[in-house]
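Since the structure comes first, as C-alpha cells, the remarks are kept for the end.
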Amino acid sequence: MTLSKSLPTGDNETTGIIGRRLPRETARRHVRGAGRFVDDMSLPRMLHAAFLRSPVARGTISSIDLEPARQLPGVVGIFIHSDLAKICAPMDMPQSPGFRFPDEPQHVLAGDRVFWQGQAIAIVVAQSRAVAEDAVEAIGLHIDQHHAIANPEEAIAAGAELVHPDIATNIAMTLQLGPQEPSGRSNPMASIQFTFARHSAIPLETRGVIASYEGGTGGLTIWQSHQMPHQQRDIISRLLGIPEHKVRIVCPDVGGAFGVKLQSYPDELAAIAVSKVLEQPVKYVADRFESFTSDTHARDHRMSANIVVNPGGWVEAFEADNLVALGAYAGYPRGSAGEGVQSVNMIGLPYGIERLKARLRLIYQNKVPVGAIRGVGQPVATTITELLIDKAARAIGEDPVTFRQRNYHAEDSYPLTSAGGLPVERLSSRECLAKLCSLMDYDRLRAEQTTLRTQNKYRGIGVATFAEITAPGPQYYGPLGIRVTSQDGATIRFESSGTFTCVVAATDQGQGTEAGLAQIAAHVLGVSSSDVAIVAGDTAVTHYGGGAWASRGIAICGEATRQAASKLRDSILRHAAMLLQTSPDELTIAAGAVCETTGKQRLSLKELAHHAHFRHDIFPPGYAFELTASAQFTPSMAYFMANGVQGSHVEVDIETGIVTLLGHWVVEDCGTVINPMLVDEQIRGGVLHGIGAALYEDCAYDDNGQMLAATFADYMLPMASEMPDIHVGHVETKTGGSTLGAKGAGEAGAVGAPAAVLCAINDALSVFGTEIDAQPATPAVVMRALLRARCRTRST
Amino acid sequence: MKPAPFDYIRASSMDHALATLSTLREDVTVLAGGQSLLPTMNLRLSRPGCILDISGLASLRSISESSHSIHIGALARHIDVLESAVIHAHVPLLRQAMPNVAHAAVRNRGTFGGSIANADPAAEIPACCVALGATVILKNAEGERHVPAEEYFVGLYESVRQPDELLVGVDIPKRPGQRTAFHELALRRGDFAVVGVAAMFSTALRIVIFGCEPFPKLSPVGTHATSLADEESRTRIIEQAVVAMDPLANLHGDADMKREWARVLLRRCLADIAG
Amino acid sequence: MKIAVSMTVNGEHAVAEIEPRMHLADFIRQYLQLTGTHLGCEHGVCGACSVRVNGEVVRGCLTLAVQASGMQVETIEGLSRSGEIADLQAAFVEQNALQCGFCTPGMLLTCAELLARNPKPSRAEIRDYLSGNICRCTGYHAIIDAVENVVKARISR
C-alpha cells in the first residue's frame, strides 16, 4: 500500500485507517431520527415568516394593501421593500469583467418592479407559519403584468424587450474561446444541436434559517441550512451593518445541498433583517413550492457543436456555440457565469485536440436566478463532447472505446494546458476506460446487443469520459473581488482522557466529510477513528473556511487536518519522550499508545494525557506544552482535477420511447481515497443527479415565465424503481498539490452520468440512423427521434 | 404550504353524513382517505370552507360478492382491493391495474370511492370502472341511485354526482370467462398515466383509453368485435379507437404523440386478450 | 375552530386542541417535539413524513391530525426505542445507506413495512416498495444493499 509511504504516520500498513470502509458516526444519529435540522429547532418567542411572492414573471406593482393582513390575529409584522431597505443593503455584485450587471442591484424584497415569478415582495411574520400564510393571502396586491422575457432566442433578437432596461441588452456576457477567424481547415465530421433543460438541485430539506438578533449586545446568531457559514457571516455582516465578530453562523445538520445552499438568498436575508428590527428570533423555512420558484437553477443550455476529425481518425478540434438562459439576476455572491463558462471551456478536455473554438452567450430571463448546481456546467461540456465523439466513431465505423483510447492525451504529455486554456495536472483516462470495460464486461454487452437486435430488442451502451475541476485555489474568485475563500483549517486538541477533538472549517451536508477528516486525523495520530470527535459548522469556533463546494472538503480541509495532526503527533511524542527520558525519534504512536519503534508499548495515550494535563509538576519548569495544534491550507494550484469514465447500459422501447436503465458503472480517479465507502456513495449520489438530468428533470417554463413544473407531481426525480445498480471502481492518481493527494469526488457522478446515459440511448437508436436532440430524453424526445428516422426512410 | 382554515365535521353515521350534505351541499367537501384532496389543500389550490370527514363510516369499507356482482365499498382502500381474494378471483382487470396506483403509503389510505369521486383523468380506477361496466352507487337523504360508470364521468374532474349525494360504493358485474388487459405509459413507477388502456372482453369488447382526455370514455369500437384472433381485426379496432380520441397536449407530449402511444398500448392489450 | 384530539404516539397518550387543518406530521413535530419525522414537500410525494398509523405506513402530511384521533401512531423515535428496526438501522449505518439523513426515517419505516409484508423480497421488489420515497443523496443502491443484507440475516436466524 503506497499510501503509508507518502504520509508520515504513526501506523504501519496493517493498521492504517486511511483507505478503510469505516461507517460514519453521524449516520448513527440519523437512523434514529435524531438529526437536528433547522426546522427542528425552536427558540423562545420565535416568529415564523412567510412571503408574498410575485405571481407573474414581469410586472410593475401598482398597489399593495397590507391592512387586511395586519388585522389577522397572530400577525406580528409585515415588511416591504421600503421597510427593509434601511436595514439591509442590496445584494451588490462586485464588478466581473465581461459580465453586465444592472445598475439597480437586487434588493431583498422587490421594489416597484418584479422580475420573476416567485420573487419575494413582502415578508409576514406571525405566531405560526399557517397564520403567516393566511396573512400573505390577505394582502391586496395589484401588479400590471408585462410580457415576460422567457425565451433566450427571442431575448437576443432585434427589438427584444429588456429584462434590465439600464443594460440595453439581454446578453449578460459573451465569451469567445479559441481562434475566432475561420480556420479554413474546418471540415466537421459530425455536428449536433442539443438542448439541455433547466434544473433545480432539489435537496430534500428545503432552505431554512433561524435568525436571532439580540438587542442588548447587538449580536446576531443564525442557524442556517447552508454550505458556507463563513461566506454567510461575511455577507450578513456587511449587508446588515453588524460587525463581523458579532455575527455567528451555525450550520446544523443539513439535509442535502448540491449547490443550492451555496448562494445567499434575498428571502433569507429579509427574514434575518426582520429579526434585527423586532429583536426576536425569526424562522423562515421554504416550502417545496417556494423552493422550485426561488432556489437557484442551472443547466438551460442550447448548444450547437462540431467535431473535426482528420482522415487518420484523430480528433483535431471541437467548435461550439452555446446560448445559456440565466435568470433575472446573477446568483449572489458568486455570479451566474460559472455554469456557462465551464460548459464550454471544458469541452474536449480529456482528448489530445489542437483547438477548441467556442462562443458562449449568457442571457437574462425573467426567471429564477441561475447559480451553481452540482457539476457546474461540466456535465454539459462532457455530454456534448462524448455525444460528438460517439458520432465521429460511428461515422468511421470504429468502436467508440477504441476511438477514445486513441484520442486521449498521450500519457507523456502531462502536465498540459487544454485547448480551452485550462491547466491539467494528469488524467488517467486510459487506465479508467480499460478498467471500466472490464468492470462492465463491455465485450459481452456488445455481443448481447447484436443478438438482441435480431429479436427486436434495442439495447444501448454508452461510455463517457469526464474530468472534473475540484478544490479550486484562490485564483478562482480572488481576482474577481468575490469574498469566497479557498482556505480551510483544522485545530486538534489532545483531551485530558487521551482522546481528540478536531475542530474543522469544512462543512458536511451528508457527504461524510466529517468522517473522512476524523479518519485522516486518526491515521496520522495513530489512534482509532472513534477516538476523534469532529466539531464543524460554527463560525464562533472553527477556522475561517471555504465551506463545501467544488468537491473541496476532503481535498483541502483534509490536507489541513493532516498537517495539524502531524504537528500534534510530534508534540505528543515530545511530551512522551520527556516523560520516558528518551528521544522522540525512538517513539511512535500505535493503537492508542506511545510505543517504541520496535512496537513495544510504553505509555497509553490516556496516561500521557493525564500527565500532560494534570502533572505539570513533574515536567521541567517552563516546559512548552502544546496540547493543541492548528494548520491552515490553501491550494497553490489553480485547482485539482479528478477524472474517470462512466458506462451506461440501457434498453430503449422503440414503440413507446421509454428508456430502461439496466446498469451503470463508474471508474473514478479522485486521488487518495480516504474512505472508499464515502467515495462510492458520493459517486452513486452524483449518478442519481446525472440520471435525473438525462431522463427526467425539467424546470419547464411557459412563454410567460410561469413555471409549469413547480411540484413533485410535475418535476420528475428518478426514484428507486427507475435507478439501476451502480458499480464503482477506483484508480488512484494522487495530486501533487497536497501531501494528502486527495482530489475530491463529490460531483464526478453528476458530471459524467448524463453523457453516459445519453450516449447509450443514441447507441441503441443508431441502427435506425437517428439520435436524440435534448435532455431530458423523455419518451417524447426518443419517439421524435424515431419518427424523424421513419420519415426519412419513407421519403427515400 | 399549510391549508387555508376550514371547519370540520366528522360523520358519526351514514344518516349524519347525508343530512350534512343535504344541508350544506356545495359548501361542504367530503374527505375520505385524503390522498387526492389533501395535496391540493396543502398547496392552497383548493380551499374548502368545511370538510365532512366520512373516514369513520365503517360500513363503507367492505368488499363483498353476491351471485351476480362484486361490491366495493367507497372506503375500501387501494391496499384492501389489491389484497382482496374476491377481487383477485373475479375482477382480473383491477388485479392488473392496482399495482400501478401510486405507492404503498398512499395505497394504505387512498380509497376506491375517493379515486372515483376525484375523477382525475389520468387515474387508473375510474378508467377501469368504465371498462368493467361498473355501476356507481350514489346516495342522498332521499334514497339511492345507480349510475353506469360510463355515464358517471362528464368532464374534467366532473361527474354527475350532485352536491347532496355521497358516493357509497361500486358494483362490478361478474363475468365468467372474461379476458382483461391493462397497459399504461407512465414516466416512473406509480405515476399517473400519460396514456393508459384498460380493456375487457366478455360478450363485447370494452376499451377505455385514459390519461390524455378530460374524462374516461368507452371507445366506440364495434361492440360486435368478437374476433380478436387476426391482425386485421385488431388493427381496425385500434384505428376506430384512436380516431375517436381528442387528446390534450401537455408537458409529456402533444396530441399526435398521445395517439401514437395509444396505438401501441391498444396493440399490447389486444394481444394480451387474444392470448 | 379547534378540535380536541387524543391519540397514542409511541405508546404515550397525546391530547391537544388543534385546528383541523394541522396535518399529523406537523402535530407530531410541533406538539410532541418528535422531529425525526420530516417535511420534504407536503404534497405527499417525497415520503419524508412517513409515520405508522394503526400499524400501517402513511404520509404524515396527507393525514389530518384529527383523522388520527383514537389511533396508535408510531414514529421513527418509537421504532428506535423499541428495537424493532435495530437490524435495519445497523445495516443502514454499515452500508452508508444514508448521507444527509433527511429521508432516512421515512425510508426505514417503509423498509420495515416491506419486510413485514414480504420477508423475502427480491432486489426489484425492494426497489418497487421504496419507489415512493425520495432520496437525493444515495442513488438508492446502498439502501437496497442494506435491506438485502437484513433479509439474508433474518432468514438465517
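We call the chains A, B and C, going by the order they appear; numbering starts again at 1 in every chain.
One rule holds in what follows: a contact is a pair of C-beta atoms (placed from the backbone, for glycine too) under 8 Å apart; a residue touches a chain by one contact, two chains touch by 3 or more.
Because the structure is a prediction, the values reported are computed rather than measured.
Taken pairwise by the contact criterion, the protein chains are fully connected, each one touching every other. The chain pair B-C and the chain pair A-C differ in C-beta contact count, and the higher one is A-C. If each chain is reduced to the average of its C-alpha atoms, the one that sits nearest the average of all protein C-alpha atoms is A.
Remark: chain A and chain B have CA centroids separated by 43 Å (rounded to whole angstrom). With centres defined as mean CA coordinates, chain C is found 29 Å away from chain A. Multi-chain contact residues of chain A, defined as those touching 2 or more other chains: 130, 287, 711, 713, 719, 721-722.
Residues of chain C found to touch two or more other chains are 19, 21-22, 42-43, 128, 131-132. In chain B, the residues that reach two or more other chains under the touch definition are 1-5, 39, 43, 188-190.
For chain B in complex with chain C, the residues that touch the partner chain are 1-8, 10, 31, 34-35, 38-39, 41-43, 51, 53, 55, 79, 102-106, 108-109, 188-190.
Residues 19, 21-22, 29, 33-43, 45-46, 48, 75-77, 80, 89, 92-96, 98-105, 108, 123, 126-128, 130-144 of chain C are the ones that touch chain A when the two sit in their complex.
Contacts from chain C toward chain B in the complex involve residues 1, 3, 19-23, 26, 42-44, 47, 50, 56-59, 61-64, 66-67, 110, 113-114, 128-129, 131-132.
Here chain B touches chain A in the complex through residues 1-5, 39, 43-44, 185, 187-192, 194, 251-254, 257, 260-261, 264, going by the rule given at the top. Contact residues of chain A toward chain C in the complex are 23-24, 26-37, 39-40, 42, 130, 202-206, 253-256, 258, 287-288, 509-512, 677-678, 681-682, 684-689, 711-713, 717, 719-723, 725-726, 749.
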